Amino acid sequence: MLEFSRRALLGTALAAPFARGAAAQEGPYILGSVFPQSGPNAEYGGVFTAGVQLALQHIEADKLLKRPIRYISEDSQALPQQGVIAMTKLVNIDKAHWTFAAFTAVSKAVAPIGDRAKTVMINGGAVGPDLSGLSPYFWNVIPLAHLETRALLPYLVGQGKKRFALVYVDDPLGDAILKELGEQLPKVGAELVGSFSIPRDAQQFGPVAARVRQVRPDAVYIASFGAQQSQIIKGLRNNGVSQQLCSYSAMNLASVGSLPEAEGMTFTVQKVDYAGGDALTRRFAEDFRRAHGKEPTVYNANYYNGCRLFGLLAHELEKTNTAVTGDSLKDTLHRLKKFPLVGGTGEFDAAGNMMAAIEVVQWKGGQLVKLA
Amino acid sequence: MIAYFSNLATLVAIFGILAVTLNFMVGFAGIFSVAHAVFFGLGAYAGAQIALTVTPNPFLACAVAAGIAGVLSLCLALPALRVRGEYFVAASLGLQMVALTLFSEVKSLTGGIGGLTNIPRPQVFDVEVGVLPLALLALGVLLWAIHAMANGSFGRTLKAIRDAESAAEALGKPVAVAKALAVAFACAGAGVAGALFALHMSFVNVESFTLDQSVLVMAMVIVGGTGTLFGPLVGAVLLLSLPSALSFLTFIPPTEVGSVQQIIYGLAMTLLMVFRPAGLLGDQNKGKSHA
Amino acid sequence: MLFVQLLLGGVQNGALYALTAAGFALIFGATKVFHVAHGSAFTLAGYVFLYGWTHNWNSLLSCLAAVLVAVAFGVGMERLVYRPIQRHEGSFFTVFVAAFGVSIVVQNLVGVFAGRGFASIDTPLSNASEVLPELFLADVFWVAILVALVMFVALTLFLSRTNAGVALRALAQNPDLLRAYGLSSSRLSMLAFALGSALVAPAAILSAMTTGLNEAVGNHVMLLSMASTIVGGVGSLRGAALAGLLLGVAESVVLVFLETQWASAASFLVLFGFILFKPSGMFGAAVAK
Amino acid sequence: MTQLANNAPLTCEGLARSFGGVKAVQGVSLALPAGAVTALVGPNGAGKTTVFNLITGNLKADEGTAQIRGRPIIGLKPWQVARLGVARSFQDLRLFTQMNVRDNVLAATERGAWFWQGGDRRARLAAAEAAMEATGLTALAEARAVDLAYAERKFLSMARILAAGADIWLLDEPASGLDLSSRLRFGQLLRDARARGVAICLIEHNLDVVVDLADRIAFLDRGLVLAEGAPREIMTDPKLAAIYFGDRSHEAAA
């Protein structure tokens, strides 16, 4: 599927100046993604892409749409500038109908481009709270971080954790979490006793660990993503930080779970019941296991949902022979509001954010264990 | 398609400005700076702030960007006056790293890693103008100025300093002033490129001004050929279209596209240096006889 | 106690920096090549050790493999990249660009074949315990210092007691003299690359155990080695090693007053200051001009 | 000395400089009269080039004064000294290797560091052409300096000095290694300049050249002016000859 679409892309790219109008209507739908495919965050790119590809296979198998879909993967390296270049290409040359973004900084950077071109952008990975309402065409199929911390903090405080230290990456996501903790902790009767920002490329965490120890926290919140998370966990644990570690859904990576030091790491994820859920969720989980030989993660599910959402909206538009554009998709979203997706019915609010139930989980022996 | 090529052309023009101004420093004055992206960044932030807070007039943005980058180029001129060769490269590396930290941390001006978003489109007297013609204009003016200087007394002075600093000084040439001016000119040019970049992307953040970017610009100069007028432009075209060309290769798995691009780009740098060190347009005999 | 903790942490890192810096300084001193791909030798050595470890090789064998790969890389760079360039042109900048290209290639090849992102080895060595109230030290601290000391003693003995070592030092000071005595400077530069690259292997192995590796880990190593060489004074191995140690300590101790993101800026400010005010470095005799 | 100084555009008094305890120059006083060639003679390491460097500001003097037409120049930068009318050559020439001959010479006529050069451009071009003509380099105007033959490089160095239009020349071994015909041409250059009133100071090891061209000789040894006077007097002094040719037995006896 993917190889086919990439080869076909060359054809369209060259033919585009000569074949406009009618052909554009008859041709395939173009879906594009701006994920990190190289660099320290490439692991996410693979996870996100797997979700999208599975949804594409299901849409094809179900013959949900009359026109075929062409999927184009662009590399953002999780960097805003690369993201902007990739998004510009998707919007301007490929005339994408629907795009996928990830990472807070990249999402904020590409949003004005999609907004200007009225192209829908789906985020299923980044959780910066300010991603809400970025553009009428920017929708989140993931609960943003403020929803996650509001689920996590009361649980931990209930476990007797009162003093929190924050180790956060120095970027919009980290800043947002710092702000969020500063506001939310006092409300639940706890306090933020220290916050330590780290650059995105930092590798040495011994010194940070020493400073974390000094503020004598009950729990340490880690706000980072990608390869760095594992390094922070290892760095803290190896340097005498024995307290409870906690975080948000970015910890839901296999490479984190397999780290012995991550034992007991408590964080939040969206609630998805793969085994007992509805048929759609079970099918997703089974086919994913078959294709990849492992359990799907929430990210796989989110981008599966993001892609499936396009199928559902376009299917709706095809029924009434309406052209599939950013505006028609947006109107349909706001008209229907609720969609059958993996993990249950997804409901969207006016800003384009999907609401989802959140659960508190913990890494235990490399397995995700549900706590609350 | 047209939009795509105009986007690529704008980037080529902007990086062309960076490459020709860096070449002015490297090729004429013998100042091998790997901190050009710092001044690109200063210009970008200055231009973006002007557009965001004062007026979207691109000429004002460029002028302010050039001014700020030109004045702060003193940070580069100072080590250039003290040391040469590897030492200066190291100094400029140090400057690059320190500036990068400042760009990330002075969030009130730069927005940190989150950057400055939603920079308005350039307007001249309430008419929206494209960045491409502006960038081409700036590139043309700079090329003309460099051409004039290269064949005039200033270029001669710089080349004299490059070849034999003490002899140039013994002929009454104030070396410090000449070097500082050359650095200021080149960095001001980089500042203009930065302002245009900010206006073109509508977004700037610190990732565009890293050491890798400085090395990319340096590679453009070296690949094209130092000390030639158009060599750096050829280098800019080649290195910028390489990733775009690669993205049309179908047999590369999507998750490896980025790596393959980087590998080809790194390999090209190395192989060129080994087999064609004077660059594509450079005089291959240059430097042979005195090595 | 925070200060002592940070100081000791800095010493541990500084000992490793000292090794890589000494390697860089040895190569630069003897061959005048600004070996920007030095960090790549570090990356490769670290990942080879990691490969050996995860495939349950004998740990001695893994270490040996790491050293061999680093040496092979260094010598390969000398033969295949630096020497051909120097044969037709001496411009240091051509060398710089070529080496930078190689480091980009290595970084991405490692990413493709070894997987991108964080990788580390799980050993009890890196697990800190409380040796004094509030003071945590891991065994790897002692290992790092011991390894660094042993390597330096060995290197010093080699450079002062063996013919090749003495010739290497002579090469650093006066290549013409060497030629006059009919010694092959080409074989000596290979030796310099082999030795200098071998010095990164222990640091890479210990880093794999402590901070972990990623494919871009070499950049930081290269920048620090280069900064140490200049701060220490070009031509002085002792100076480079001491500067490496000091930069490691500075990076760590500065965190008493500052946030982490300023740490690396601190070492580069030191570098910048030295270049502006004392370009000959701490122990360098020659002025850079 | 005093009456010479009246007519001398460049004088120095008690110049001294030591390098880490080694006294390279200790109290050198000199006056370079206009329209005369003064030769600095002495064995290797006598401090001749150091004297030049102290005058031109390439080295900082520990002690002593120097004046150009009454104006103190110690502490000035080399380019400031040059602008007072001093042109110097270097033992190792220091040509602008990657530039062609014409640009080398043109560069000598230009003083500015600003983006453009004021003044009469045509006059500068003419001066450069004249300098190339006088040194026999006109045919090689487009050749790069690095590609020139040995003697041609020496003359290019002289052409730069000619074109600079200075009236004080400090020449560091300008004739060494030249063949006879080149040496004749070089002699003519110097005589012409002397006739125009240029004050010339020459460091030279070839005593034939010195006798042929110099009006006065200052004999330097170990940073001191041992003797000063007409060529004949100096050249016939057996003690100086002994020092010059490296025989120090006289001193030991004394």
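Which chain is which? They are A, B, C and D, in the order written, and residues in each are numbered from 1.
One rule holds for everything that comes next: contacts are C-beta pairs under 8 Å (C-beta built on N, C-alpha and C of every residue); 3 or more make two chains touch, one makes a residue touch a chain.
These figures come from a predicted structure and were not determined experimentally.
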Furthest chain, CA centroid comparison against chain A: D
Per-chain Cα centre nearest the global Cα centre, belonging to chain: B
Between chain C and chain A, distance of the C-alpha-averaged centres to the nearest whole Å: 38
Distance from the mean Cα position of chain D to that of chain C, given in whole angstrom: 48
Averaged-CA centre spacing for the pair chain D and chain B, given as whole angstrom: 43
Separation of mean Cα positions, chain B and chain A [Å, integer]: 35
Chain A, residues touching no fewer than two other chains: 38-39, 42, 170, 199
Multi-chain contact residues (two or more partners), chain B: 101, 104-105, 256, 259, 262, 287
Residues within chain C bordering two or more other chains: 108, 111, 261, 264
Category of the chain touch graph - line, ring, star, complete, other: other
Chains grouped in pairs wherever the two touch, ordered by label: A-B, A-C, B-C, B-D
Of all residues in chain A, those that touch chain B in their complex: 2-3, 6-7, 9-10, 13, 16-17, 36-39, 42, 45-46, 49, 73-75, 77, 79-82, 84-85, 88-89, 92-93, 104-105, 108-109, 111-113, 170-172, 175, 199-200
Chain C partner contacts - residues on chain A that touch it in the complex: 38-43, 170, 196-199, 201-211, 213-214, 226-228, 230-231, 234-235, 237-240, 255, 260
In the complex with chain B, residue positions of chain D that touch it: 56, 58, 77-79, 82-83, 87-88, 90, 94-99, 103-104, 106-108, 110-117, 145-147, 160, 164
Parts of chain B lying in touch with chain D, wherever the complex brings them together: 149, 152-154, 156-157, 159-160, 162-164, 166-175, 177-178, 181, 185, 286-287, 289-290
Chain C residues within the chain A interface of the complex: 2, 5-6, 9-10, 12-13, 108, 111, 116-118, 120, 122, 126-130, 134, 136, 138, 210-212, 214-217, 220, 251-252, 255, 259-261, 263-264
